[in-house]
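Beneath this line is the structure, given in structure tokens, with notes to follow.
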């Protein structure tokens, strides 16, 4: 039965597709393969998600070496949720990328672009699926290295510098993670995360374990761009090719959040991280700083992609804020916002990619009156922007609902007030776009613009519709997130 | 159609209408025809629900579950029924008026105007029939957003500034306060349904109730209780039909309607009647009534004067709700209806004056009554209704509110109501006096007659309605009594 | 450096031995220290050596660019293919036990192909890196 | 165990800090990469050193040996080295491209060339 191999199949398929693309040396074939692989990964992930929806766990031994010794792929309701998210975004972006990449990347590099794209996908899915600490690091590097390449393919020469800075920061982050895993390995003698969790209670109070926690926290927070470790993110998102920005913004940081959750809840256990140590307070303070400072910086950006990149930093603050509550509702909020923010930012960056197709950089002063010539794109940006604000009927509202609920449950009314106040900052930067796009007279350059090609527009609108659909019918996403939160807390106790 | 289907259709018709209007953008006559047809259909649907609701039925439909335990749910109850009938009925008249106004002033972007208008009505109907707090909030926010393009219709820097104030205050208060209040309610009670007798009753501490009430009252910025009233004067940059239907009827009434509904069905009149923590609200509302009236008195711009009058009149409803007696609740419900008719007449008149004579200031209106007798006659009727002179409908609602205040023994409220009546007279009657009894200035710029026929017909209709409602007060009164008796 | 007689002669002698040594390291990996990584690097080193002595165009004539790129891909594909073979033969991914009737024999067989894949890819990657850096300088000076 | 008995860890820490310092303090892009490589090397030591057993031999089954060093860290670090090489190669490739695009590999000079310097928040 092929279904028993599902836990590994979604990683293996893109891994096999990558060398085939290099051998084929043809952009069109590579795109077809990338699309096929993304969609098959999505199918496999959805099947897995359904399989573990009741809270069960699927374990897969690579090479048939039994778990604590061999590498185990371990799918529970947490990473199944993530697998669906990543492969879903990848599938939509794959459709989108054909026209976008054709316009932004030199023709002879197309097949390499798609190779890197599927490698990045394989890495992200691998991080989510694996149950082995070192294997996690390897997949992290696979996804990171390929994303450095993808970012460097941007048209602006600043993309090179952005990629270089991301490479330095990312490598430091990954090295921190591998140091943390190494220290845990030294203390427990195992790399299997579940096994590690079982052996840790005997040595939790020792200094190397605490050092491991510190290294892992800093390393992962670098990768997930928690304020103030976010410096790589705005440039990387702003200068990468549009398809890459959309894909990375929607998935890369989200997978890092998953790694943080996995280590905090499954490996260390909440009693160590939140009860014995003040991690909750630290995360809370940094999250609030991210929400307010990054949003404020976003307001003053002239480059629209940079604006939304800073907004990403702020939104990541919401996710970590949810984690810092260390409650079922807080975790549900964090996980559901993972999904919701991925949809929103994916939609936004994909739509902006349609504008960038002709304009290159998207600065406010260049897009006055955009709504006249690109009404569908502009309206999509507005809808996704409303989701960023958290207007009811969009996914952003669902996230905000659970986040505020978690704050009130924790008895922190002031926090609830801060959460809603910070979303008002989003009103300001979203409305900057509205006023520029709708109320200015189109300039000469703008009036020559056309709507993006149908395939790009359709893919973007799939995400926009998703923003609204999952905002109105959130039972699937909230249900999945709640199950994931229960799984995380259940293991921790 | 079953009542539930009718309910759904009432929401779907204006949305479908908006789509059709957009599709017909090349043929103005067809476009306006669709607007009128949509308005009439909507009114017919809403009115068809009236007998059942009056008989005590509560048609309901749950569309789907949004989040676990939180559904998108529509329920018709007496207050919502009243609001929906008023809003949809006046939309017909307003559409007629819009056609005259938009063509008479050669406005741009007319299709966008009609589409957003239909969307705003859909949102207003959603607010009226909201079956729980979530649904209410959803349509409340939708109403803010869909009216934004109407406020900024002219696209001038001035309109954009006004749009910022409009949206900033409405979205800001609703997200920062209203949403928090809703989630807090949900966290305390585990439900968001509107229930007769309230859902917060029982063991909620006094201080919490007071804080929640403050979050709701100031969070619902559309109710324009000071200091969150600034958006309403700002919204006056919009074309007059927008000011007339939305910023005298649909949007502002959605605000006070929500406040009233939340006081009755979430807090429960009896449950909070004895609590000390809610005592501040009558004073806040009373202050708004007086302060806004004084601003209105000093405003020379006609629309601005009307806007501040609206701010003041809205707080009548809030004050009445805050008095927490059955009579005052009846008065609050009736005032939503009577003020709507009166104020839309006044705005229609203001728009007609602008279209025919291009005059916007009160001081320019000397002697205009003889050139535009129908318009200024209607204006006088509307003004009398707002002052509370029988046989205009405004008298009835004011009567009930004052009775409620006396009933509650709240002498401050009685004093406020009396003082405000005098102020109303002070800022409306001079306009009527100028129009009819002051000789026009001899500057040669007054060679004009009445506004286009469609506008005159519309404003005469609403003026007649204002008087007619006085004699037909039984049906809204029956609904209001149902509300007050729970 | 083609002008240096000593270098040329020594290089010609040594390159053959280097390749043979690479093969030794490769196939001895089953029993002792060694394996595809090391062998791949040694193989690549032999060709890099050739390129240094006889010039980049000469090396490119021996191992053309398309071949290098194909090697990079083919090695990975071989590796993944072995993994997939385990899957097809009824085991898990990368399961060598099922590759032959006897599990131990299966392990030998599995690791042999895996290491061959590693050799090809590592040699390919090393050469690719060398070619890229070396040729870039050439392009710029032109 | 004494402080001296932990000498492999002390060396690890010194190497790690030296590498990290270079990454942070140097403006030259190549030197930064060198620092990064040194930093990564410290991890190799962190993993490998505890795997060695005093008196143990290489983990290859042979007659006459009973004590073997732990082979797992070696395997892991082989992988880590490959990752490190890949990172370094990619980093250097980027530096080459940056040099072509900007004509410099000094961070300050590069950031000074673009109107809105990347990496600096206003």
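Going by the order they are written in, the chains are A, B, C and D; count residues from 1 in each one.
We take it that a contact is a pair of C-beta atoms (placed from the backbone, for glycine too) under 8 Å apart; a residue touches a chain by one contact, two chains touch by 3 or more.
None of these values were measured; they are calculated from a predicted model.
Engineer: Farthest from subunit B in C-alpha centre terms, which chain would that be?
Structural biologist: C
Engineer: Could you tell me which pair, C-D or A-B, is linked by more C-beta pairs in contact?
Structural biologist: Here the pair linked by more C-beta pairs in contact is A-B.
Engineer: Go ahead and note the Å separation of the Cα centroids belonging to subunit B and subunit D.
Structural biologist: 68
Engineer: Nearest whole angstrom, what separates the Cα centre of subunit A from the Cα centre of subunit B?
Structural biologist: The answer is 44 Å.
Engineer: Which integer distance in Å separates the CA centroid of subunit C from that of subunit D?
Structural biologist: It comes to 25 Å between the two C-alpha centres.
Engineer: In whole angstrom, how far does the Cα centroid of subunit A sit from the Cα centroid of subunit C?
Structural biologist: Distance between chain centres, rounded to whole Å: 36 Å.
Engineer: What are all the touching pairs of chains?
Structural biologist: A-B, A-C, A-D, C-D
Engineer: Taking the touch rule as given, give the residues of subunit A at its contact with subunit B in the complex, in rising order.
Structural biologist: 386, 389-393, 398, 400-401, 404-405, 408-409, 413, 416-417, 420-421, 423-424, 427, 431, 435, 438-439, 471-475, 478-479, 482
Engineer: Name, in rising order, each residue of subunit A that touches subunit D in their complex.
Structural biologist: 134, 137-138, 141, 145, 148-149, 152, 157-158, 160-165, 167-168, 171-172, 175, 178-179, 182-183, 185-186, 191, 231-232, 234-235, 238-239, 297, 300, 302-303
Engineer: Once bound in the complex, which stretches of subunit B touch subunit A?
Structural biologist: 64-68, 72, 134, 137-138, 141-142, 145, 149, 152, 155, 160, 163-164, 167-168, 171-172, 175-177, 179-180, 183-184, 186-187
Engineer: Under the definition above, what is the set of subunit A residues touching subunit C in their complex?
Structural biologist: Residues of subunit A touching subunit C: 5, 8, 12, 15-16, 18-23, 25, 60-64.
Engineer: Which subunit C residues qualify as touching subunit A in the complex?
Structural biologist: 69-70, 72-77, 80-81, 83-84, 86-87, 91-98
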